[in-house]
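Next come two complexes, and both contain subunit A; in the first it sits with subunit B, in the second with subunit C.
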Partner chain A sequence: MKKGLYATINVGSSAVRMSVISLKGSDYKEIDYLVKPLAIGMDIFYKGYITLENVQKLVEIFLLFKVKLEEYGIANYKILCTSEVKDANNKDFFIDYIRIHTGFDLKILDPSEEIYVKYVGTKYEFKEFSKIEKGGVIVVTIASGNISINILKQGKIIHSGVLAAGTLKLRSMFANISSVKRYKAYDQYINNITRELKTITATNKGIKSLIGGGSSINLLIRVFKPKKDIIHKKDIVELYKKVKSYSRKELMEDLSLREDEAIVIIPTLSAYIHLLELVEQDFLYFSRSSFPFTLARFYSGNIKDRDRDKRVKSTLLLITKRYNADVHHAERVAKYALKLYHLLEDLHSLNSNEDKVLESSALIHDVGSFIGKENIARNSHSIISSLNIPGLDNLTVNFMANIVYQMLKLPIDDKLNIFTECSTTDFLVIKKLASLLGIAKALDISKVGLIRDFNVTIRYNMILVEAFSTKEPFLELLAFDKQKDIFMKTFGVPIDIRIRVSYE
Partner chain B sequence: MSKVHFNNREISWLKFNERVMYEAIDMNNPIMERIKFLAISASNLDEFFMIRVAGLKSQLSLGYNEKDMSSKTPKEQIDEITAYVKKLYNEQEKILDDIKKELVSHNILMYYDQDEEILEIMENIFINDIMPILSPITLDPSHPFPFIFNKRFSMVLKISRGSKEYLSLIMIPENINRVYRVKKSNNKIIVLKIEDIISSNVSLLYRGYKVISVDHLRVTRNADVDVQKEEAYDLLRSIEDSVSRRDKGSIARIEISSGIDKETLEVLKSQIVFNDEDIFSIDGDIDLTYLFQLCNLLPDKQFKPLTPFLIDSIPNNKDIFEYIKKKDIFFIRPYYSFSMVSNLIAIASTDKDVLAIKMTLYRTNTDSKILTSLIEAANRGKQVSVVVELTARFDEKVNITWAKNLEQAGCIVSYGIPDLKVHAKAMLIIRREESCIKRYTHIATGNYNENTAMVYTDIDLITANDDMGKDISELFNYLMSYTSIHRWSSLFIAPFTLKSRIYELVDTVTEETASGQKGMIVMKMNSLVDKDMISKLYKASEAGVTVRLIVRGICCLKPGIKGLSSNITVNSIVGRFLEHPRIFYFKSKSLDKVFISSADIMPRNLNGRVEVMAEIIEKSCKKNLLDYIEISLKDNVKSWALTDDTYKKVTSKGKAINSQNYFLENRIIE
Partner chain C sequence: MENPIIAVIDIGSNSIRLQITQTFNQTYKVIDEYKETVRIGDNVFETGEFSNEAIDTIYTVLKNMKSMMDSNKVEFSRIVATASFREAQNAEFVVNYIKEKLDLNIEVITGLEEARIMTVAVHSYFQMNEGNVLLLDMGGGSTEFSYFESGKLKLSETTPLGASKLTSEFFKTDPVKTAEVADIEKYINNILENILPKTGATKLICAGGSINNIAHIFNKRKNLGDSTIKFVDKIFLKHFINEIVRKSIEERLKISGMELLRADMILSASILVKTIVDRYRLDGFLTMSGGLRVGLTIDLINKVGYELLFQGGELDVRYSRIIETARKYHYEEKHALHVTKIADIIFKQVKDEMGLEAKHWYLLEAASILHDVGQYIAYSKHHKHSYYLITNTELIGYDLRENEIIANVARYHRRDVPKKSHKNFVELTTKDQQLVIKLASILRIADAMDRSHTENVKDIKINILKNKIEFNVISDSDIGPEKDAFDKKKDLFQSYFNKEIVIV
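Showing the complex of A and B:
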């Protein structure tokens, strides 16, 4: 969208927020921002579902926000729920009820999508990001429901994850502990969940900066009133020492906080102190932009991760490496798969975006071998489908898991019910991509790059792969033979291979 | 130097009302206007008793005995008020007497001989118009004492039949004129008061009875709790929990003929339930608000009709939006026409690019052109939102009617925030321009009322400034409950940021002046009551800041006291128009800012109302506003100077400057 108004409504754990932005080329401006507190996070954390009372309150809020959409005549908007809603037992009822009573279609954000949008938003909205990113930075968004973390160094995302330690979530977990010692529980829990990050920062020396975002930053801004876009650790520690055992009422009175802010201030301070200790830094940077504003910019196309494909590729290779798979093999399979895809476009008739899915699947296809050769298809499926890959939404990641599964599976696995959620069309796409991936994989089955390149010719309704190899690739030929049938069943066209050995 | 650093707000208000009353003796005012000033001061006093005195009496009855900022207990304040009001009554009577005498030369007779002709006229009026609607109640065991309504003029009669005496009561119905104007054949107009008509024909009412005495009575009761809660914010906050338990409609004042006999008075005291302290014995006429019915008797003896200026360059079509983008529209009512606002709304209501119009509605007129335009806009599919303040003092009925009309037309009507009166005057026009949004904002110190816009002086600003537009949009989001969290960047909103900002500005001027720079604070407002602000101004004064205040009404600050406020001057302008704008100007080394606001510097405005304060940024507008202040400060005709707690009319040997007349005759804005 290049010109006009765009709005996002974000249903977070503790509030519903709406941001309206005005776009004119690359210029953008937030023209309205609304916040209505609604603690659906509490419902989910305590009860496992969203209470009808809060569903109805949300309807009321949405109807108010709808008036605002009408006020500006906005046709382009998106309504997104925090990823915590995924954990609500009644999420389907919730979405349906909202649709019936407001006409709004709610989309639940994937954790990976959420974290990725936050990353892109920070990159755009934080002036010194490129400089800081070079030296290594943790971009953290402490929200009511979770803490999302991206660790970046020299342009690469070296870690990306969501910690189940949102401030409201922590408060509800330890609600039964007296306020006098509740802070100790927060400290222990946050210390525990940041342990993994300690390993990452230790192995990637030089991660020295912290950028904060999310509703927690608004709270810190209110408390510390920083004039520049930094908050000092000493101020956070000083305040934490003073108020850590305060009751909610004392916090409200002493810090002039609203009740919803008083509930989360202690875990917020604790989390930032731990993270600042992790990066051994005296201050944190922050962006004043709200998440709905970032969402509005992102989904209106006002901000884009220009290096997204490059970044996704490097993240996938990092994952492959983390699972002890052969990175070079993965790169070769990806290269062959893409070449097949483009050379056989007339045959498969897939749309132009599927090549990225195929490439991504190829880069990550071997992660299941980390567990063992037994059940490799299922293991790969499990690992891939559980990944949060910034820049790829959950649907795409599941698609990739299914392609890899379909490519690696043994006939006996056909009985498995992995594809129950797939439509026939999707299943067909998965089968086509899996077949192409199978051929690409076969061309480097020995993982040593015997086949350097290949051509494809289509003659007499038959596909012939002419492969150039340094020596005779017996294993590759064997593997190719196994894939031929699958290819034939998928595309209805036979495929064969001819090796041209060139000697150096 | 006085030990107490603050003037009592009640006495200060009474002094303001006294200044209004003295307009009735200013021979430069036409006679009809002088009568009107007398009526206004009487009407003001009624309200004062219904709200302020009633509030103090509530404190007293509940045993609250804390001293106020002038170091007086409720009892001491009531005593002082009573003494002061008695003095005012005497003055009022003298002034009315003089006016009555003067009216003779204009062929209007308020004193007259009850000759045959007059008596006959009076009898006719009585029989035809009055008697059919009177319901005298003569007290006996089967006719107990009736409830006497608030401000209802009544007559108390002692009558007898045989040896038995009775007390009888006539409450004059609300829907009857207090005076009848009779034009005699010699072109003289005789003004007959209803009480005189009834008195001369009372035997027709009480057939078979002998009328022993006829006295007049008027009861003033406290106002509705809701009205009182807001207007007596300071008094009732201290006894908040008890307010609901307080007797509704308890007595605040009893005005009674001075000649009433003791026995009758005792009966009234026991039946109506009041004390000696509540009684005000009146020698002359009770309830001078009847004079409102006389002030149009001689149209050529009124102020000349007002012809407000227009700013000619402002387009009267949708080009106005382009105009505003280039230049703010800034003007001062009533010297400039409020129709510039009405027209803008009318243009917006039919402009296809306007998406939405929002406004606050505090007090408006029944035939409001603005609201007609809003309904038109809603009918044309624009989103129209109106935040109605239903409890605007004594204007509830008008506002409820309009709120209903607006709702029926499809406007979104909201009733603001519980416990916060929406006193801000703001309007927002949202327009689609080149696929984006442009906001046009109107901020004023006065209401959207085309009638009072001809009588009150006020400031209006119409701007396309994005920051102000965003802040006003945010204000409406808050008022209409679209959001619970608000962020204002360019405007200052009570009860959130206005008070702290204005304190901060005073502090900055004080600090910079204390460090050797020149500093000046000029503030124009209706009332100055906030103790912290007054203390800050004292501090500023002693730091060397020149503080010039124009406070029309209550001023609890004591100016001109050595060691406390020697650098502070306070003036009060009382004239043809009711001075109403709030303007705050701060000048020091780092500051040169002037603001307009809907808020007075009173705790109720700063803490208990939604108010707006906006900086006048555009150079030409700022200059116009500073010129306005400068001329107002120079007023030496309608201005009163306060020293300590005493007001004296400003006199000057130099050129006489009546600021209101100056603005009527000179365009200070082009």
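Showing the complex of A and C:
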């Protein structure tokens, strides 16, 4: 969308927020921002479901927001719930009830999508982001329901994850502990959940910056009133030492906080202190943009991640490395798969986006062997389908898992019926991509790049791959032979290979 | 030389096998394998030398294997040949031919060296200081016997009782005649009489493709999955011999699980094993697959300067293998071992009340050490990932049923308690479901007792009263998070005892 008004409504753990932005080319301006407190997060964390009372309150809020949308004449909008709503046992009822009573279609954000949007938003917010990113940075969004983290260095996302430890969630976890020592529980818990990050920052020396975002930053801005876009660690530590044992009432009185702010201020301060210690930095950068505002810019197309494909590729290769698979082999298979895809476009008739899915699947296809040599197909499926990859939605990740499974599985392996929920159309796409991937994999089965390049010719109702190799590629020929049948069953045309050896 | 990659090739009479492994952190992992069933020994046992066809086969298979070794960047390798090379008059020619053509060194090892290597392998799978173990390694041309009393090697002998050799010498008709069976039994008994002790063996461990094929058929009939270690009972063995002795080779091939090239030799292998089982009045026998390759691998790892965890002398094989698995998935050692310690403290105090036996501790111990390994895949739903990883890992010292129980106990260390809607749970027998509930209820509390991962809980004294169970937790630090987690995770324990569970 290039011109006009766009709105997002975001249902968070402690409030419902609406951002309305005006767009004109690349210019943008937030023209309205509404917040209505509603603690559905407390319902989810305490009870495991959203109470009908709160569902009905949300209907009332939505109807008010709907009036606002109508007043502005906004036709383009999105309504999104942050990812913790996924944990509500009655999430389907919740979405259905809202649709019936307001006409709004609610979408629950995938954790990976949520982190990704936050990352892209932060990137646009900071003019010097590329410089900070190059040196290594943790981009953290501390919200009521979760803490989302991206660790970046030299243009690569080296870690990405959502920790189930939002400030409101922590408060509800330790509600039974007296306020005098509840801070100790926060400290222990946050220290525990940041342990994995310590390993990552230790092995990637040079991660020296922290950028904060989310509702927690709005709270810190209210408390510290910073003039620049940085908050100093010494101020956070000082305040923490002073108020860590305060009761809710004392916090409200002493810091002039609302009740919903008072209950999350201590875990917020504790989390930032731990993260600043992790990066050994005296201050944190922060973004003043609200999440709904970032969402509005992102979904209206006002901000785009131009390096998305490059970064997704780097992230996938990092995962391949983590699972002890051969990165160079993965890259060669991806290259061959893409070449086959483009040379056989008339045959497979897939759309232009599916080459990216094929490339991503190829880059990550070998991870399952880390678990064991048996059941590699299922192992790979299990690992890939559990990944959160910023820039790839859950549907794509599941597609990748199924393509890899279909490519690696033995014909007799029917133990994992992963395609039961797959439409016939989707299954056909998976089969086509898996068949192409199988041939590409066969062309580098010995993992040393014996086959340097290949051409494809289609004649006499047959596909011939003419491969150029430096030695006779015995294993490649064996593997190709095994893939021929699968290819023919998918496309109905035989495929064969001819080797041209150019001895070095 | 960090994490060296090594390869071993075992040239047997019936098959040539390659195993490529990578050493890391006092353990190793198989990264590639290749097998060709070749029966190169057949001609040797009939004519005394390798035929031209057999030499071509050896050359082609080794050429492919060399290619795989190159592609895996193998740093150290060892290629050994056994009985067929020992007997073939033209073995030296073949060794030189392969050296000249492929630059590979084939080492023809003696029967005693073969037995020594098997001994290395067997120590990696079995606790050898328990009872008296007879190890039998049946190849195509010879069978090696090693006998251990309380872990000490008492004898090591090579015999001409190879499966292929016995078959070609005794079974001239198809189906075989009763007299032929009587002759082979007499021949085997005569040889064994001179080399083996009359009594004393309490455990028979067998290796070799033909015996492994018997175990594979047994597991298929019992609906058991595949595993490195299998146990076959003597009743099956007796019925199996009665079944195949009357069948022609063509009819035997119809038996589910029968390997194409072993259908003839499987009878002589069965008769040899039955003779020994009867001699020592054993309930059955254990089989170990990949024995020589495992032994060669460990031996080579030791030779290049590494010692594996189970070779340290302080840990038993079973425990070492659990730690190896946990390390593979980068577990948090301090937390896992502390949870295991707390689980032990609880187990000892409640086992009688819960109807648990001492042997059940070994299941709980494994589950406690491995409960968090799923975090390697993703923190979210890591209990489910732990289940997947454990069910797809062969835990040495545990059978498949025990492996499944361990995986279930680890799966229920957090979140949902066992439910009838959980496939992994309902597939267990009712008795095993109860066992999982009992052990998981202990693990949930043990994990809660180290919620902050700080090892603050030092000891627990449990007081079982009429209407409630008191946990007296001994600690010199703040255990707020532990108390809070205890309240959340005591559910399964509480419902089992139907009593209030409290920390005092």
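The rule we apply is simple: the second predicted complex is superposed on the first by the 502 of 504 C-alpha atoms of A that agree within 3 Å, B and C clash if a C-alpha of one lies under 4 Å from a C-alpha of the other, contacts with A are read in each partner's own complex, and residues count from 1 in each chain.
One rule holds for everything that comes next: a residue touches a chain if its C-beta (ideal position, glycine included) is under 8 Å from a C-beta of that chain, and two chains touch if they have at least 3 such contacts.
For clarity, every value in this text was computed on a predicted model and none was experimentally measured.
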item: Partners on subunit A (subunit B, subunit C) - clash or fit; value: fit
item: Touching partner for A:31 - first (subunit B), second (subunit C), both, neither; value: first
item: Partner chain(s) touched by A:174 [first = subunit B, second = subunit C, both, neither]; value: second
item: Subunit B versus subunit C as contact partner of A:475, first or second or both or neither; value: second
item: More subunit A residues in contact - subunit B or subunit C; value: C
item: Touching partner for A:188 - first (subunit B), second (subunit C), both, neither; value: second
item: Which superposed partner A:467 touches (first subunit B, second subunit C, both, neither); value: neither
item: Touching partner for A:440 - first (subunit B), second (subunit C), both, neither; value: neither
item: Subunit B versus subunit C as contact partner of A:451, first or second or both or neither; value: neither
item: First (subunit B), second (subunit C), both or neither touched by A:22; value: first
item: Minimal inter-chain CA distance - subunit C and subunit B, angstrom; value: 33
item: Sites on subunit B touched by subunit A in the complex; value: 355-356, 383, 385, 412, 430, 432, 434-437, 470, 473-474, 477, 480-485, 487
item: Partner subunit C, residues of subunit A touching it in the complex; value: 111, 161-164, 173-174, 176-177, 181-182, 184-185, 188-189, 191-192, 195-196, 324, 369, 371-375, 378-379, 382-383, 386-388, 446-448, 474-475, 478
item: Residues of subunit A defined as touching subunit B within the complex; value: 3-5, 22-24, 31-37, 64-65, 67-68, 70-73
item: Subunit C residues within the subunit A interface of the complex; value: 22, 29-33, 63-64, 67-68, 70-72, 226, 332, 375, 377-381, 385, 388-389, 392-394, 451-454, 478, 480-481, 483-484, 487
